[in-house]
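Labels for the chains are A, B and C, by order of writing; each one numbers its residues from 1.
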Amino acid sequence: MSAPAPHKVRVTREHARELLRQMILVRRFEEACVEQYGAQKIRGFLHLYIGEEANAVGVMQALTPEDAVVATYREHGHALIRGIPATAVMAEMFGKAAGCSRGRGGSMHLFDASRRFYGGNAIVGGGLPLAVGLALADKLRGLARVTCCIFGEGAAAEGEFHESLNLAALWKLPVLFVCENNRYAMGTAIERSESVPDIRRHAEVYGIASETVDGMNVVDVEVAARRAAEAVRAGEGPRFLENHTYRFRAHSMFDPDLYRDKAEVETWKKRGPIVRFSQWVLETGTLHQADIDAIEAETAQTIADAVAFAEAAPPEPVEDLLRDVYAPRPAAPEPPAP
Amino acid sequence: MPALGADMEAGTLVEWLKRPGERIARGDPVAVVETQKGAIEIESFQPGVLAEIRVDVGRRVPVGEVLALIRGEDEAAAPARAAARPMAPPALPGVRISPAARRLAEAEGIDVAALHPGADGNIGLAEVEAARAARPFAPAPTARTPAERGLDLVAMRQAIAAAMARSQREIPHYFVGSTLELSTLLAWLEHVNAARPPAARLLYLVPLLKAMARALAAVPELNGHFVDGRFVRAEAVHIGVAVALRGGGLIAPAIHGVDRLDLDALMAKLDDLVLRVRGGRLRGSELADPTITVSNLGERTADALLPVIYPPQVAIVGCGQIAPRPWAVDGALAVRPAMTITVAGDHRVSDGRSAARFLARVGELLQAPEAL
Amino acid sequence: MSATRRITYREAVREALREALLRDPRVFLMGEDVGRYGGAYACSSGLLAEFGEERIRDTPLSESAFVGAGIGAAIGGMRPIVEVMTINFSLLALDQIVNNAATLRHMSGGQIAVPVVIRMATGAGRQLAAQHSHSLECWYAHVPGIRAVAPATIADARGMLWTALQEPNPVVIFEHATLYSDEGEVPAGGEFAVDIDRAAIRRAGADLSLITYGGSLKKALAAAETLAGERIDCEVIDLRTLRPLDEETLLASVRRTHRALIVDEGWRSGSLAGEIAARIAEQAFFDLDAPVRRVCSAEVPIPYPRHLEEAATPQVDTIVAAARGLMRR
């Protein structure tokens, strides 16, 4: 196991503490989700990010509040790190109107327009064209903003992936494509679905500068993301990151996880982003065990508050069922004469 | 409360025609009930004595509820029976009614069971509107005197127009007329009526209708209905008698079985019909099932008319006024009372020859009125 | 009546596009061959020269990406007009329209508006065979969150676009491909915008309601003319908006005439005509004097030969025959 590459970025004590806090927040939040799922407070699909936290945490460091994020259905971590309060995310999972999508979306559809967090998209590949459009709007409006589009390696087999990469490159749009390659599209291993499993090479074909990143190493991810985001922001067109990562849990709560070797999972767990970064900060003396204990305590309180908030939030009245399908329009012209 | 239609759920009792203690014969009307289809008389199927009235006038009563008790002739006061058993709803095999037509019929109190389908075999708005034309009074939701019952002349005119337009569109009419010398008939009537009180006197229409009913036996192709593209001959002779209403409008309720009634019975039926027309208490079947219609202009009107067949009937007879006419008698000119009768026939069913035979036969029969 | 002038449907669409580009700097047009080529139906010819490549954007043949990009750009503050060359190709963008445009507002709890306008040509009638003759408007009209409109007249082609652009919801505009060369009246000047809420009674009548939209309107009007000669007085209703349906106008007409004949170029099974018939049955059953009838496309991929294409799609004579049947003649 190699240490992160501190020479590429100066990891201060404060920053190290923040990176660790964010990863632990995501981890503990999702563990609480599993518990609430068992208690039937959270229903439907629940896709856990456990094991992949370094990717969301690392990439989000590179984004400003003006940038946009388009994520997938495995987006709890991205939403939390983007700044959506744990209370609003948990309430959303509970289907309460106090949720960040008024409870209408649930786990797979977390939104926060004020933070330019555009989902929460549950059709594999479907978020890419959307991200291209957001970037097109920025370009047309002359805004130096980045649209960060996160998706899994399964999306690379979709036509929308190729159409979107082509269009973004053709029009030099400010999109940061981040492929979180966790090696399994649900139960299908990448070797069984991709003729060229090296995903970044697909981006290269469209003339998009790309990079392969250790997605289990939060500092590596941050460094790569900052480099790519700066290029995008500078008007150099899209960039592409392929982060190698692994989910420790099954695809969703409905998944018996029969397609992976237990030993493989155990091997990856040893490279777990939190274990590894904790070890590093302790070994280097950047942080002390007391710091980590404090993070854990603080996080536990945050999660408890989030669950209590979601629990207490009132359910939305059924009378409101049809709201938010159409927005009202300014006064329309008169109907045509017969 | 008997069910007077498949869709009837309740009726409002508007009048008791019998009082407790009164004797009731089988078939006597006992009460009047207002339904969605108009005021209907309830007959008793049990002879006996009206023992007890259980429902007050003005109350709305669900079908199946006991209205009154009738004690049998030979019974003690005890075991009682309902005044009227619920009747089975009219069956409508194969006839389909459009929702709009059904609703209009209900609103207007028209009995859909008695309507004749249109050319496609279904009952639509056109058929109900035609029936409405034949029915002068709007349905009364609560008990009202006949004078209070509204007469929708506009609707009636529309319905007459619809029926006549359909007739002109669908029926290839022919017309055959004859002028009949009626001195024998009138002399006989004068003789018969001289011995009677005014209320029992016969109108000339009575022997005329009877003669026509008998004449139809020789020309059955004029008596019946044209339905589903073919003629259906009627066994009985139900003559629709067209009555012009004061204030406009026309109605032609049927007198049933005219061929089998003697003249006095026919006169009574005619009186009853006129009375009930004025009272708005016609029975649905009377409005819907004439097998032929007679339109009589009456006295001091006009000499002749060319009538229009009322579908689905296949003939109509128009009678002009009886007036003194120059008449050849034994090679010399005389003045005799005469009437011009015109038959309109449906060429899909018969030819002018049928009408000519009919008229000749009526003329013959009227020469021997005492035999009618 | 104010002054009018006569232009083609194509010119009406072009004028509407140009007006939108001039009036609102957020508007841009994007689609296959909308720029250099001038539009597959020449609706955007001349616009590239006037507005430049930033605002008249030729796209690669990638319907999902450029329709999705239109949706994204709308979320990002623009007012994109996306032209999908034909409804047949829009199937490649169904994911973006149905899974994104239609749902984002609701899924986000009302936070995200998608004010995108997607135009597409639709329909048969030009011997283009099965893959270029679809009338799948009802697929889009099926989906809550989308507004679907079908300008059937020149004035609507001229006026609906601007209204659609004011809409904070995604609007799909269906232009029947046989209409582009038709001529009609539009106002000489002033405001062209028309509402996209109400159906229009294109001809008043008492005997039966002929309900249709888009490319079938002119056939329905021609049929009504023929039927008038037989003293059958048709009321012709142009739906204009396929979603949400203007039930009020439809039902009021059927309640007056007691008979409904729906003409829809879509296939009968699962058609918009079926939806309308169901609503009439649900809400005007007791006003009906005859069963609702439909003239739809035959259940066959649209064939290439002219006589078979005509036999497969609603025609004036089939509409006339159905109307006669409805009148029991």
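By our rule, contacts are C-beta pairs under 8 Å (C-beta built on N, C-alpha and C of every residue); 3 or more make two chains touch, one makes a residue touch a chain.
Please read these numbers as outputs of a predicted model, since none were measured by experiment.
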Quick check on the contact network: minimum steps from chain A to chain B?
2
Looking at contacts between chains, which pair has the highest count of C-beta pairs?
A-C
Distance-wise, how many Å sit between the C-alpha centres of chain A and chain B, to the nearest whole number?
86
Rounded Å distance, chain A centre to chain C centre (Cα mean):
39
Chain centre separation (chain B, chain C; CA means) in Å
57
Can you name the residues of chain B that touch chain C in the complex?
98-103, 118-120, 122, 124-125
Show me the residue ranges of chain C that touch chain B in the complex, using the header's touch definition.
258, 285-290, 328
Considering the complex alone, what residue numbers of chain A touch chain C?
68, 97, 99-105, 109, 111-114, 118-121, 123, 126, 128-138, 140-141, 147, 159-160, 163-164, 166-167, 170-171, 323-330, 332-336, 338
Parts of chain C lying in touch with chain A, wherever the complex brings them together:
28, 54, 57, 59-60, 62, 64-78, 80, 92, 95-96, 99-100, 104-113, 144-145, 147, 155-156, 159, 163, 166-169, 191, 193-198, 200-202, 204, 240
